[in-house]
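Quick one: this structure, given as structure tokens, is what I'll be asking you about.
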């Protein structure tokens, strides 16, 4: 298979070398996955997954995957997989699980089971200097907002809209990059993003000159955070349980917290690894 | 058979084509097996397919796809004819412009062109009409208001299509015997008239099939407009699928509609082929020399 | 001029074309302004463009794109010729198969086809060779191992291309005067020979320009293979851009390479056009009737 | 009507016309004889400016073909003006060049309607008359591909005549015709001649030339070898080359 | 050599051949005369099975053309077998149909090399001889578009002869030829006749028919009207229709 190679041994050492196998979790792992689990990830989606200079995958999801592998005593290979083919790649047996910063939503639970390991609030991205003075979600009323298609952000907009005298107009784009272009081209006043992605965007785009992040003052309850999970096909329920046990074990022994810390994501920690935590 | 013939008609026993029938049976069997196995696959959820097949948003998106295609093809074809004439003209300026245009617009990714027109605002925040390099500006407007997503999309698709179609039109014009243009000239017809009434109608026979290709490609290329937030068929189905993760099912839905659109399109195409094939009745006979078998009882 | 002529040669003063030159100057000016304003735009980071323009990964990806294109076009064209002949044949089975094939493969999105071949494993987890509906299986293998991404990609592109090219080949064959095939037949040539030596070489003139279109489309369509994780040019540049968020700059890089590839391609194309235009010397004269101006001093 | 002065024309290095000087009077019917490859078709095409001449001057009805003369220089002409000149010269091609996508009738009315602006009804009436005069009343709705060689040739004649030209150029107008039709075409030409039409007819049929021509010109290898009345050129040729050619007639 | 029995052929409702019965002996040269549209070309094309006949039986050299006879039924023939039959019959088309993408020489050698499998060197030698015999030695590397009408016609003759057929069908082989070339072609035909070649020649040139033919057949409206030696048919025609036709010759 082409695509991206699995992590180098060196990388494994730094992230997972010191982690001991959790026998209880490993016992849950179905036999068919004993010789390795293949992870599909639409790289890059910084800082969750990205490539280092040598084109090896890295990022929080990557590190977490290696830690899970260590807990389960199997090798997790981390593969780049285009979003459009990500479900077929599981169904066809090319890959086994998805770790791609995928939001856990009710609708998606029809197809996948999620082991939740991350909880992020939304942030608003505006052009540098905030020319339209957007301070809160309410300030978006009457403005055009760019979001990536089919993300949970649309629910947020729908929640804010009833309180607007002039509705928020939404432009949906296939990738977050297109949404950023739309903001730069003046087609949209702001973008709504997962907090960690918004921060990365403001930091990286145009070397930090294009955008800034606004943390809304009026974030409505219920939309402040959305769970992100590891996706597993419904038919592999045992695998889900094993992964949940492994993640829980990582949370318990503090590895999880140190990984979050490494990627500056401590604000988005979950207390426990739930399955299909979004209700 | 022969003893029944009432006069001396040639009632020949047609060449037997056992393989023809064997192959037909095998093909139908394979196709059947294939469709059956596709349908029986547990990984395709028939409920989701049928739920979204006639979803009104999907149908609306298909309608948008068709409109975008028709409009862009129309503008593109007109430009294409102009470009083809320019390319065949002896005027070196026109010729070079045409070659350059075709080279550039075929040469760069359509996506880049869509992004360019869609996000012109990134490069030119306002559109000013005035005298360059001076402060004289008579009219100025925000680019994003002039080039709305739809306008930008249609411009990008049309300009791109023109480059491809120009080559097809050129090939068509080259296929017409030069004696035709000479005869037209000798009757005092000007070049424009000759082109319109004599050359293009004959070129159509050769132009239509590859233009059918272009039309179909265009139907699908409209999907690139999703990067400027135009919700045509593909953007709509992939939006739905990334919500419910039924990616294969929604591809099947999109595939169904594309198939419907191209099948419907094939009727005007074969009508046009017939129309412009008139007088080339030989064209229909032409298949004869390719006959792998021959008709019986002629 | 005329008083200098040594004999009675027709030394005519060429038709003056003031507009030709005015238009040339205006065009060059517009182009210059445009390129300048693009370059001067503060929103394009030249450093990033030049950093990635000759990045070795980008170049390797461009190489992969070219290989995929050439291989798929080759397979596709061979299939296309077969399909075109089938479609023009009088054998109803072959004809229907060809029409069905063309309709289906042009009609459904290439992406669907790529996904289908790439993830054949969804529908058929293993590939078994045996007798259908029985337990007889002689050979079995996991589908995802047989249809690797590259193999699946090439199959998808070739099969799809064949459908489009078949229509082009058909138009080309139709453009050849039926008298040619008759003459060939009268000399005892079989249909295959006639096709190969008489009809196709004449059809080439009409086939090549739209095939150039297909080739260029194919260069870009390879980008769909990214859904099955093939890292061709577009996948590579968009991967880079979604990491450093320099989308426009990396589109410019991709655009540059596509432009290079299509420009390089245009040389063999014009060589082939010349080659197959031989004998149709009229073809070059043909442009004459389209002359918008005429050459002087003839 | 036609005044050709030392016309020269080359294809690459091959000089096909080596200085043809020829005056044709208004109303004259001139037959051009000559061996294959002697440049007869090329000369006709030059008159029509379908080929641009390399040397000499060619006037039709007093106008320089394809060029404008002014003081001491000549200028190329605009395409529109050339088309105007051509519309007054009818031509029947050796290979007919009918428009295959149009029926016989449509072939005939296309130029009168499109170029001269005659109403379609009038053009159709005129075209039917012309097609009848060449014996094709029953084939007016056939496409060229459905007509025999002789039928196509006659449609080509009707098409050229429909423009009511001042000058008609015929390139072997009887090559695909049987003797009876040759007679019919001869009648058509005689009528045309009576109406004052000037005609230049390339032909290989000496008998036809004798019947139709006021004047016969014999060309060989790009030059005019002999020029005179039919009885002079055909019956008492002076030049050896002409003699040999005429004598070879079966 | 050719045995046509009550051949009938229709295009749609238009019956073009209404029962042609005609036997041509080995080595005979038969000239087919007849007005335009009488079905001469169609008949030649039927002999070659380029048109499939609607009625009658057609044998060439004892073989049924395009069909296989067996007990009481006839069967269509495989395309390969038909090609084999055709390769023994040469045809010169009314409109030449040269291959435009090949030079004169290549036109002539294509079939001998490709169909008969003769070596290219031999084929070229043979082709040069043939082209020389029709007076085209200096044009062998020209493309058809660079040849005059008469030159193209002669290439077409050479191309057909290069296959060394048993039977030659000529559709107005002299229509674009000047009298001298007609003489040359006549010489070629006489030589062929001496070598025992059977030929069917459609022509409008009565003089040519008289010179070349052993036998002349006059067709009108799809039937054979008169059949006999040249002197019988041309000089003393019995049928009124034939008389009118012959008398119309200039």
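Going by the order they are written in, the chains are A, B, C, D and E; count residues from 1 in each one.
The rule is simple: a contact is a pair of C-beta atoms (placed from the backbone, for glycine too) under 8 Å apart; a residue touches a chain by one contact, two chains touch by 3 or more.
For each chain, UniProt lists the protein as follows: D, E = ABC-type polar-amino-acid transporter.
Note that the coordinates shown come from a computational prediction; the quantities given were computed from them, not determined experimentally.
J.: By that same contact rule, can you tell me which chains touch subunit A and subunit C alike?
T.: In this structure, the chains that contact subunit C and also subunit A are B.
J.: Could you work out which chain's C-alpha centre is the most distant one from the centre of subunit E?
T.: The chain lying farthest from subunit E is A.
J.: Just give me the whole-number Å value for how far the CA centre of subunit B lies from that of subunit D.
T.: Centre-to-centre distance between subunit B and subunit D: 45 Å.
J.: For subunit D versus subunit E, what separation do you get between their C-alpha means, in angstrom?
T.: 30
J.: For subunit D, which residues are shared contacts with two or more other chains?
T.: Where subunit D meets two or more other chains at a single residue, that happens at 79, 95, 146.
J.: Would you please write down the residue numbers of subunit C that are in contact with two or more other chains?
T.: Touching at least two other chains: 43, 111, 115, 119, 122, 177, 182, 184-185, 191, 247-248, 282, 291-292, 294.
J.: On subunit A, where are the residues touching two or more other chains?
T.: Counting only residues that touch two or more other chains, subunit A contributes 84-85, 88, 91, 175, 178, 181, 184.
J.: Would you pull the subunit C residues touching subunit A in the complex into a rising list?
T.: So the residues of subunit C in touch with subunit A come to 43, 45, 57, 111, 115, 118-122, 125, 142-144, 148-150, 226-231, 235, 238-239, 241-248.
J.: Residue numbers of subunit E touching subunit C in their complex, please.
T.: Residue list for subunit E touching subunit C: 48, 50, 79-80, 83-84, 86-91, 93, 95, 97-103, 110-111, 114-115, 143-146, 159-160, 163.
J.: Please output the residues of subunit B touching subunit D within their complex, sorted ascending.
T.: Against subunit D, the touching part of subunit B is residues 177, 179-180, 182-191, 193, 197-198, 201-202, 276, 278-282.
J.: Per the contact definition, I'd like the list of subunit D residues that touch subunit E in the complex.
T.: Touch list, subunit D to subunit E: 11, 33-37, 41, 94-95, 146, 148-151, 172, 175-183, 186, 204-208, 210-211, 244-246, 248-250.
J.: Within the complex, which stretch of subunit C touches subunit B?
T.: 17, 20-21, 23-24, 27, 33, 37-38, 41, 43-44, 85, 88-91, 93-94, 97, 103-104, 106-112, 115, 119, 122-124, 132, 164, 167-168, 170-175, 177-178, 181-182, 184-185, 191, 194-195, 205-210, 212-214, 216-217, 220, 223, 234, 247-248, 251-252, 254-255, 258-259, 261-263, 266, 282-283, 285-295
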